[in-house]
Every structure is written in structure tokens, then in C-alpha cells.
Amino acid sequence: MNLGRVIGTVWASQKHDGFAGLKMQLIQPLSGDGTRAGGTRVACDSVGAGPGELVFTVDQYEATLAFPALKNVPIDCAIVGIVDELNDQSAEVLASDDRGGAGL
Amino acid sequence: MNLGRVIGTVWASQKHDGFAGLKMQLIQPLSGDGTRAGGTRVACDSVGAGPGELVFTVDQYEATLAFPALKNVPIDCAIVGIVDELNDQSAEVLASDDRGGAGL
Amino acid sequence: MNLGRVIGTVWASQKHDGFAGLKMQLIQPLSGDGTRAGGTRVACDSVGAGPGELVFTVDQYEATLAFPALKNVPIDCAIVGIVDELNDQSAEVLASDDRGGAGL
Amino acid sequence: MNLGRVIGTVWASQKHDGFAGLKMQLIQPLSGDGTRAGGTRVACDSVGAGPGELVFTVDQYEATLAFPALKNVPIDCAIVGIVDELNDQSAEVLASDDRGGAGL
Amino acid sequence: MNLGRVIGTVWASQKHDGFAGLKMQLIQPLSGDGTRAGGTRVACDSVGAGPGELVFTVDQYEATLAFPALKNVPIDCAIVGIVDELNDQSAEVLASDDRGGAGL
């Protein structure tokens, strides 16, 4: 899954019928340390996440599993959880890796 | 899904038979703030989008769901909606993340 | 789908049996304006494309749909069309997006 | 599969029901020489990996195969092994490639 | 498929049972001209490739097709061929594209 911040909303009236009633949120993918990890994605929301919240999303076929009532809807990104707490220890844990060698 | 702008059209006479009658548009993937997010994609259009319009696309298997009448056509990108309105709040929402830490 | 230029050929005698008889071409993915869009891919050719031609390719499962006679062959990239004409209007269409904001 | 280091943990109470009881770890993808290879991923753990350990993960549909008891859970990244030993010879092996030409 | 060089080996005793007996090789993805194309991947070997060899790999579901005897094993990258000969003409073929415009 990818971490991301809800940064906005997308509205569309001309769209595949299957999107009717779904909320489409703009997501900025993030790394654990808050740096941006790739371009904005548009995700269908299955958990009621609002702007500013830190969430995790799934891509492609697995995204459709978040909407079991829908059949054959072309969704390839879904919000499936809202993060309560995040423990990022990358600064400590990766210090030696960055000097070369993924050592164990 | 990915946001993108329709920036052109592709014509091909020598192609897989399944593409017959489909319109193939050139798409520039974009982030919500208008910056380019990766290289151009070629997408089959299912909603009648024209050059200059802001759309959202789906990739891989889910793209084929936009063309239910087609069977076994090798499509991996489809335009599935035209954006009416886009509310991008990335500037405000991400200000603190960018200083380090995806904090909640 | 991705635009790409056929830039060479790959020969392999030690390979999965399913590749027997298939032509494997080296593809440089391109954007509509001719800039390179990612690293070289190896694609099985289903349309008779030769070196120097501009083509479009599909990835992953959809690539196998280009070879319906083959069963369970591990192909994840296929050439499915040769481009006759390409109308790239990115320079005009994206001018305002690049100044910030994907505006409509 | 991707190499990665477990760099933290994610907690979420508001999430798809299928995630109940699964541990979600933050993963920093790495190359064999220890350099970071892309942004942080959130992976469900199937092997009991803890912070600081070097693991390998799988993405998309294959990730769900690591949890055979679960049905229709939107998981797209799973930790499926802990690395005991890693023999990275990239420095020697790639020396000539980097001077141009993937020569054999 | 992706070109890549075998640059090492990965050993893991704590892993999904399905990996038993499979050899996991470290792969550096390459472009046809020998430049590195993305971070290291871990691939299961189906053709007996050794360190230093130039191979091609497949990703995701198609990777599992290289191991037909295995059922429900979370493999998402497999070596499926060893390159005998590579004809990369990118220098000549792409010269004009790089000056702008994917022209035909």
C-alpha cells in the first residue's frame, strides 16, 4: 500500500456510470518522512477520509476489492485506511545502508 | 486513477484488430497543481474527451472494464471521466509534511 | 499504452519454451514530443514492426492478449500497433498548466 | 520481488475490515548496494519481520497469496521473506556496462 | 520484459514456503545501451542464469507462469531468458527524436 495525504477533491459529471456515488479524492503519495513520493493520484474513498488526513491506498485490481458491491467498475486506486499513528525510524535504521551496501 | 490532459491523437492502421473504432488520445499525466507527472500515455477514450480537456484515466486490466463490449483486446489505459472541477489544496495541506515527517 | 521506438532486437536461445517463434524487439519508450520516457523495454512483436518504427505497446496481462494462440507464456510487453500519424499538441495545450495549477 | 528495510510501523483503526489482525510495516525499498530505490511502501507482514530487518516484498495480486486465509482483502504489498545473506556484486559485474553498451 | 544483469544472490531461510528450492537472484535492470534502468530487483530464476549474465525478466502475474508446477506462490519477478545477442541501435534511431518531436 502507499501512504498519502488527501489534498483535494475531483468532481466529474461525464464519467463511467460505475463511479456514480463514489467520492474521488486527490492524493499526494508520501514517504514515511513526509517527502513526496511521486505524482498526485485520484482515489475512490472507502473509509470517509477528508482533506488533510493521512491515509493508505491500494492500486489496480486490489482497489476494486474495497467496493464489493460494484461490478466491473474501472477503479484502480482506493483509500482503504486512515492512519492513526505512524512510527517512522528511517533516520536511524537506514543510516548505515546509505553509506553503501544493504548489509544485514 | 491518474489526472491528465488530452494533448493529441494517435492514428494507426496496422494494429491489433480489437482497436478498430476506438479513438486513441495522447495523455500527459499531471499532478493536481499542474506539474507533469511522468511521460505521455496513449489511452482509449470511453467518454468523448477532446484535446485540451482535463480527464482521469485508469491503467491495466481495469482499463478494459471501460469497454465491456470488447473481448480480449490488449488495452491498458482508458479515459473514464472528464473533470468538471478540481479542488487542489496541496499548497496548504502539505506545508508541514515537506519540512520532514508525515506527521498526522 | 506507451509510445515507443523500435531500437533493436534481442536474441536468446535459452529461454522459456513459450517464446519460440516470437520476435523480441528493444523498445525505447517516448513521450509525444520525442523525449525518452523511462528505460528500454523488451517487447514481443504482434504487428511486424521493424527497427526505427514508432509503435505503441501494452504491458502485463494485456500483453498476452496480443497472442491468443499462446497459453501460459510469461510475456509482459507486446507491440500492438504501428503509428501512422501522431498529433502532439502538448506545447500549446500544457502552457498554462506548467505555470501551476491543472486548471480546467 | 523488491529488497527493503523495515523502517517503522503503521497503525490504523479506521480501515477495511480485512486488515484486522494484520501488522502493517513501513518499508524503504533498497537496491543491493544499499541505495534507496523509490518511496516508502506500507506492507502487510507474513513472516514476522521487525524494524531494521532486511526483507523482500511482493506487490499487487501476488501479495494476497501470502495470506491464503483471507478473501477479497485489498492488500497490494506483502513481506514474504527475511534476508539471511546478500551477495551483491554489482560493483564488479556492472563496471563495463556503465561505460556504455549492455554487451554480453 | 526488462533487460537486466544478474549481479548477486539472495538467501533467506525465513520465507513463504512456496519459495523452497527456488534460486533468487539480484537483478540490475538495464537499458539496451547499458545504463541502469531503476533499482535492483529480486527475481526467481527459471533458466539457470548465473552472476554476470544478461537476462530478461517478467513482472507480476506473468512471472508465476514461469513456474507452472507451483501453485499460489507470491512471486512477482522471474528470469525467463538469457540474452545471446543484443542489437541496440538507439544511438542512430533516436537521434532525431531527441531534438524534439517523436516524428515518424
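Here the chain labels run A, B, C, D and E in written order, and each chain numbers its own residues starting at 1.
Quick note on the criterion: a residue touches a chain if its C-beta (ideal position, glycine included) is under 8 Å from a C-beta of that chain, and two chains touch if they have at least 3 such contacts.
Predicted, not measured: the structure shown is a model, and the values here were computed from it.
Which rotation angle, from 0 to 180°, best lines up the CA atoms of subunit B with subunit C, given as a multiple of 5?
To map subunit B onto subunit C, rotate by about 70 degrees.
Just give me the whole-number Å value for how far the CA centre of subunit C lies from that of subunit D.
Once rounded, the distance between the two centres reads 28 Å.
Taking each chain's centre as the mean position of its Cα atoms, how many Å separate subunit A from subunit D?
Once rounded, the distance between the two centres reads 17 Å.
Hey, what residues on subunit C touch two or more of the other chains?
3, 30-33, 35, 38, 60-61, 63, 83-86, 88 - these are the residues of subunit C that touch more than one other chain.
Could you read off the chains around the ring in order, subunit D leading and subunit E following?
From subunit D, continuing first to subunit E, the chains appear as D, E, C, B, A.
Applying the document's contact rule, which stretches of subunit D touch subunit E when the two form their complex?
Contacts found on subunit D: 1-3, 29-33, 35, 37-38, 46-48, 56, 58-63, 65-66, 68, 78, 80-90, 93-94, 96-104.
Write out the stretch or stretches of subunit B touching subunit C in their complex.
Touching subunit C: residues 3, 5-16, 18-19, 24, 26, 28, 30-36, 38-43, 51-52, 54, 60-61, 63-64, 72-77, 83-86, 88 of subunit B.
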